[in-house]
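First subunit A sits with subunit B, and in the next complex the same chain sits with subunit C.
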Partner chain A sequence: MAKIDLVNVTKRFNKTVALDGIDLTIHDKEFFVLFGPAGAGKTTLLKVIAGVEFPEVGEVRISDENVNLVEPAKRNISMVFENYALYPHMNIFDNIASPMRSPLYKKDEATIKREVHKVASMMKIDHLLERLPSQVSNGQRQRTALGRALVRDPNVFLMDEPIAHLDAKLRHVMRAELKEMQHEFSTTTIYVTHDYLEALSLGDRVGIINEGKIVQIGTGEEVYLTPANEFVARLMGDPEINIFEIDLVDEDGVLGGVMLGQKKPHLIPEDVAKVINDGGYTKIRIGLRGNDFNYSFTKVSPEYMDATVYSVEPIGNKTILVVDVNGEKLRVIAPNDIKVELDQPIYVNVKMDKAMFFNAEDGNFIIRHNQKQLLEVD
Partner chain B sequence: MAKLILKNVFKRYENKDKKKKKAVNPLAVNNFSLETEDGEFIGILGPSGCGKTTSLRMIAGLEDITDGEIYIGDMKVNDVDPKDRGIGLAFEDYALYPPLSVYDNIAFNLKAKNVSADDIKKEIDRIAPMLKVEELLEMRPAKLSGGQKQRVNLARAIIRKPKLLLLDEPMSHLDGKMRQVLRIELQRLHKEIKCTTIIVTHDQLEAMSLADRIAIMKDGELQQFGTPLEVYDNPVNEFVAGFIGEPPMNINTVKVEKTDKGTFFKFVDADIAIPVPDRYLPVVSEGMKVRLGVRPTDLMIGDENSKGSDAKISVFENLGEERKISFRVGTEFLTLVTPDEKRYKQGDPVKLEVKADKTHLFDVETGEVIRAK
Partner chain C sequence: MNHKSKEMLKSIGFTGLLTIYAIFAIFPLFWLILLTFKSDAQMFNTTFVFTPTLENYRIVILQGTDYVKAFINNIIVSGGAVLLSLLVGVPGAYALARYNFSKKEDLAFTILSFRFAPEILVILPLFMIYQKIGLYDTYFGLIWVYQLITLPLLIWVLRGYFEDISVEVEQAANLDGYSWYQVFFKILLPLIKPGLVASALLAFIFAWNNFTFPLLLSGFQIETVTVAALRYIGSDTVHYGQMAVAAAVAALPEVVLALIIQKHLVRGLSFGAVKG
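Showing the complex of A and B:
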């Protein structure tokens, strides 16, 4: 059980700044996901907490105690890596027992037996203790690895992309496996990933890191629905969000946005317009995900923009269309049985009530329609 | 441009290990027949070791054919040299010549054929914009990103105006976003050059998004050949059903049970029972075990009046655009995906419904599809 505080943690490798003044508090028993692209500093941050890397500047505190000078082995931190690293020649029992047979955490065999059974029943693998890792399922192997990491009751549990090496389909299953047993371990956990689905699914909170800096911290819904900036918006979702500039026009006090070479402005929702006007924003970009469009093969209303089909990808349960509106390529999600040819005309409209509004000057998020209601948990 | 025809093609690699003279290798490709339309984009899809690359190499002439015939257009190519088959090749490895500029890399094959410098320039000016490499022509390969290298590689393959373009996992070195971009460009390129194209891949998403038709292989044998929607909606066996689609189709063992409320598929490893769709009633019998396949998007949570099966949520994931709900079934999950925004918790009891017309049945022993009468 432990709270973790990082205070102004900075780390350089030669001239590269890997961590740049990180301030972060991870609550006791929280499942915290650290999410970002390759090279963002995720793993370095994990290593600094584990004590495998030294911060150059700043403090790492575990339960309010500065551990900068505490050796990794004495921090009582457990790590789970990609591929689990189970001992193939040991059965599940001995694998789970192995940390308690190490010199530092040595326990007597009676305690070991009790603890292994406790963890194994928590992980629902108590009927498999005699089996070798090769004789159990993938999910059960993952449970064994987690059980082994938990058995000595660590202060902190660090997981570095534990399922990143699996193919996309297996990742779906293993993510659900992890999530199912999450509430079983009430240990402060930091989970590193570059997969936005894992971040959204698993984290009590998600911390998004880029170029050594924390960009946003929030629940999965917060970072998905109200990303701090365009960078975060682009990390979340597949196909990638569409972001493009609009020109603001004020017609008799009604704010609209002219986009993509159209003549007529699209109406901006009132609550959004107020924030834009009050904030004095003049340059705006909007972000729309693949589902935030309507399309049609006839021009049903003047708002529908003339477009052509640039590419068609039927990927099973849906089709991803890229449509070209005056040179801007938009990624639009359509049903899987849609019949279209490349370069055929199509008409698309934007759902302005789903649009995210960004300040084009710095890329920061301003507002979206109904923002408060969207984030209310019922 | 040309049709490609494979007639009962077999491949068995010779045993090179002299100590085991008598041992015979299993067939790498087993009775593979395929006929494409002119200008069609074909995906050959399967897991590693399924024979897809071997098939491509036989088409290219890089591998002998043990038995069978291959035609490119009207020409039987069994004994034709690779260079005379009229093919363009792009592999996973870009294999660009490091000391040559991008321009000279693309020009290389034409130079070898003594095409005049003027004609080469004309061709490169035509091809470069299609692959968006105009800006790169003076650069050396070492300066290029992975995506750019593969574009140059593709330019080199199509500059000879091949009758048949063969691509072997051209995107497996690239990261997710770059793949998305190149996939779209390949689709555009194919529309422009209209060359019959074969892409070999283990990535079902790649095959689905690019190919007009997909040939799915396993253990050297063709399993199914059809459009992306056909293989998605009507898989011929459990292997194809599980291989196509993400998240994968739920496939679970169920037992047919008759009660006073009707006939049900009762899950063997969970307390879930769903009504047997009417069209299957003639082909199932009480006590029979079958494998039931349902795509995650074909399961739904019913309202309070629902007659669906009682089930308890094991995992609830809010994934932004959609919600994924999993139900524990033995060591596996039964998974549902919905755009519905309602939030649930672990342990919540719900009514589980199935779109009856979207269910698939497979034989427990053979994995072959059981069709409704």
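Showing the complex of A and C:
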């Protein structure tokens, strides 16, 4: 039950800047996902909020109260560490019971027993309670760590990749369960992940962090449909988004883009063209996700570009085709029953109404077709 | 030759080698014990067949209180040295493992370097200093100088143990609602216990057996067993039997301690705490 504010938080380790002037507000009862590549500062940010690392500059506020000088124990924050951080000399039961035995959050033994069993059965580790952490698998350790955090009733949950080491099936179950649980507890939660699916499916809002700086904050739709820059666009989605340069041509007031060595320009949607003209952008790159292409094995219209199949990667429910258009490799999603040979000719066309337009000079997002309507849907 | 008999041959070979080594290692001790039961008259003209006597024990332990006094002194000095080392060394090792400060590695190396300076090299200046500041021939003087022996060992062993414990374990306990001291006693201490026990025992043995420091830095007030054993070298003869008793009795506390502590010398508890 707490709102968290970070004001200009900066943290250095020797000369490396881990967090660089972070300003961030996490609303009460919000499920906030921190998403970013390895080494971006996600874990450090959690630790600063938890109070186990101290920011050199800036302020951490919990429920509008400055907690910079409050000991971690007294912040009533529960955290799941990425490397589990279990107590090796205690069995699973005692590990989970640990917060309820501490002087600050003490409960009687009967309650402890009931709560531990409840959490353990939720985490499906109730048959392992007598074992030591060294005697269970990595996935089970991670669930123990998660159990130890969930057994409490804290102000804030901090979760550092809490389900990253579970096997795929269990991860999906846990993901749903976590969302459900958060809804039930309605406790402010900050969740760190490097899996974009987790980020999009779990978070009320997603914060994208890179090199110690917040790059974008928004709902899942916002960061997926209108990424702040090319970096965010590349992080979200699998296969990676295709981004390439286009040359703007103005034919009688109609803006088009020439791409990938073609002769004929592709028409740029009117609302996009207006923004580009008004902004005076000259160098444009466009981003297209794997399913923003049409493809065919015959040249159905002159707009379709000649290409060859470079590689085929079936991944269960879909196939990723990498096609070569004049030296540019495009990743295209195709159905899994597609029959295709390597180096076979193929014709692809871009859906310009799905394209994201970036300023080629700084990589920042400009606009996409129908942007307003897209984001109003939810 | 099949697999099974090959295995057996191997184990016989190993056992044989170990037996030879054990005899080699234990024989001096056995010889020492034999000497304690020989009278001076039979010392040089018998090997295994002699009339056993307890005379040596009577002389050393009961006649005159010097040896007993030295024994107690040794307990005070060695025990005190180890206790002081624990008190200083555990926080020291923790700091070296956890905190970053300038010249950290230099400091750690300096502490280690106390171990490889020959005692005889530093004893003269130490002797002068001790005379001047009144530490000569005092319990504290010896306890202090023994830190050169016990402290580096303890710090370096424990530093490794602390480094093996992930800092996140401490942070997790912190967030669970434990203060730093509670974390230390509830989480850290149990985890470093094997290292603590082993290094404290070794430190105790080194301190207990030390000869140079008590010989030169203490006089008649405080005499340790190692120095006291010299008394059995008379002007006319060497009482090997009594000396052997002194040495055998002096070895007892170490043997007893090692036996008591054996079961704590278990390693491997710290594995599995964090992702491997």
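As a working rule, the second predicted complex is superposed on the first by the 310 of 378 C-alpha atoms of A that agree within 3 Å, B and C clash if a C-alpha of one lies under 4 Å from a C-alpha of the other, contacts with A are read in each partner's own complex, and residues count from 1 in each chain.
Keep this in mind: a residue touches a chain if its C-beta (ideal position, glycine included) is under 8 Å from a C-beta of that chain, and two chains touch if they have at least 3 such contacts.
Just so it is clear, the structure is predicted and the values come from calculations on it, not from any experiment.
Once chain A of one complex is fitted onto chain A of the other, the partner contacts of A:342 are limited to subunit B, with no touch recorded for subunit C. Of the two partner chains placed by the overlay, neither subunit B nor subunit C lies in contact with A:249. When the shared chain is aligned, subunit C comes close enough to touch A:77, but subunit B does not.
Applying the stated contact rule after C-alpha superposition, one finds that A:239 touches subunit B and leaves subunit C untouched. Look at A:86: by the touch rule set out above, it reaches subunit C but stays clear of subunit B. With both structures placed on the common chain, the touch criterion links A:300 to neither subunit B nor subunit C. Of the two partner chains, subunit C is the only one that A:135 touches; subunit B does not reach it. Contacts of A:197 after superposition: subunit B is touched, whereas subunit C is not reached. Subunit A residues in contact with subunit B (one complex) as well as with subunit C (other complex) do not exist. Residue ranges of subunit B in contact with subunit A, taken from their complex: 177, 180, 183-184, 187-188, 191, 205, 208-210, 228-229, 232, 244-248, 295, 297, 314-315, 317-321, 324, 326, 328, 331-333, 335, 337, 339, 343, 346.
Of all the residues in subunit A, the ones that touch subunit B in their complex are 137, 139-140, 168-169, 172-173, 175-176, 179-180, 183, 196-197, 200-201, 220-221, 224, 236-237, 239-240, 289-291, 310-317, 320, 322, 336-337, 342-343, 377-378.
In the complex of the two chains, the subunit C residues touching subunit A come out as 100, 166, 168-169, 171-179, 182, 187, 190-191, 268-276. Looking at the complex, you find that subunit A touches subunit C at residues 14, 47, 50-52, 71-73, 75, 77-79, 81-89, 98-99, 102-105, 132-136, 138, 141, 145, 148, 165.
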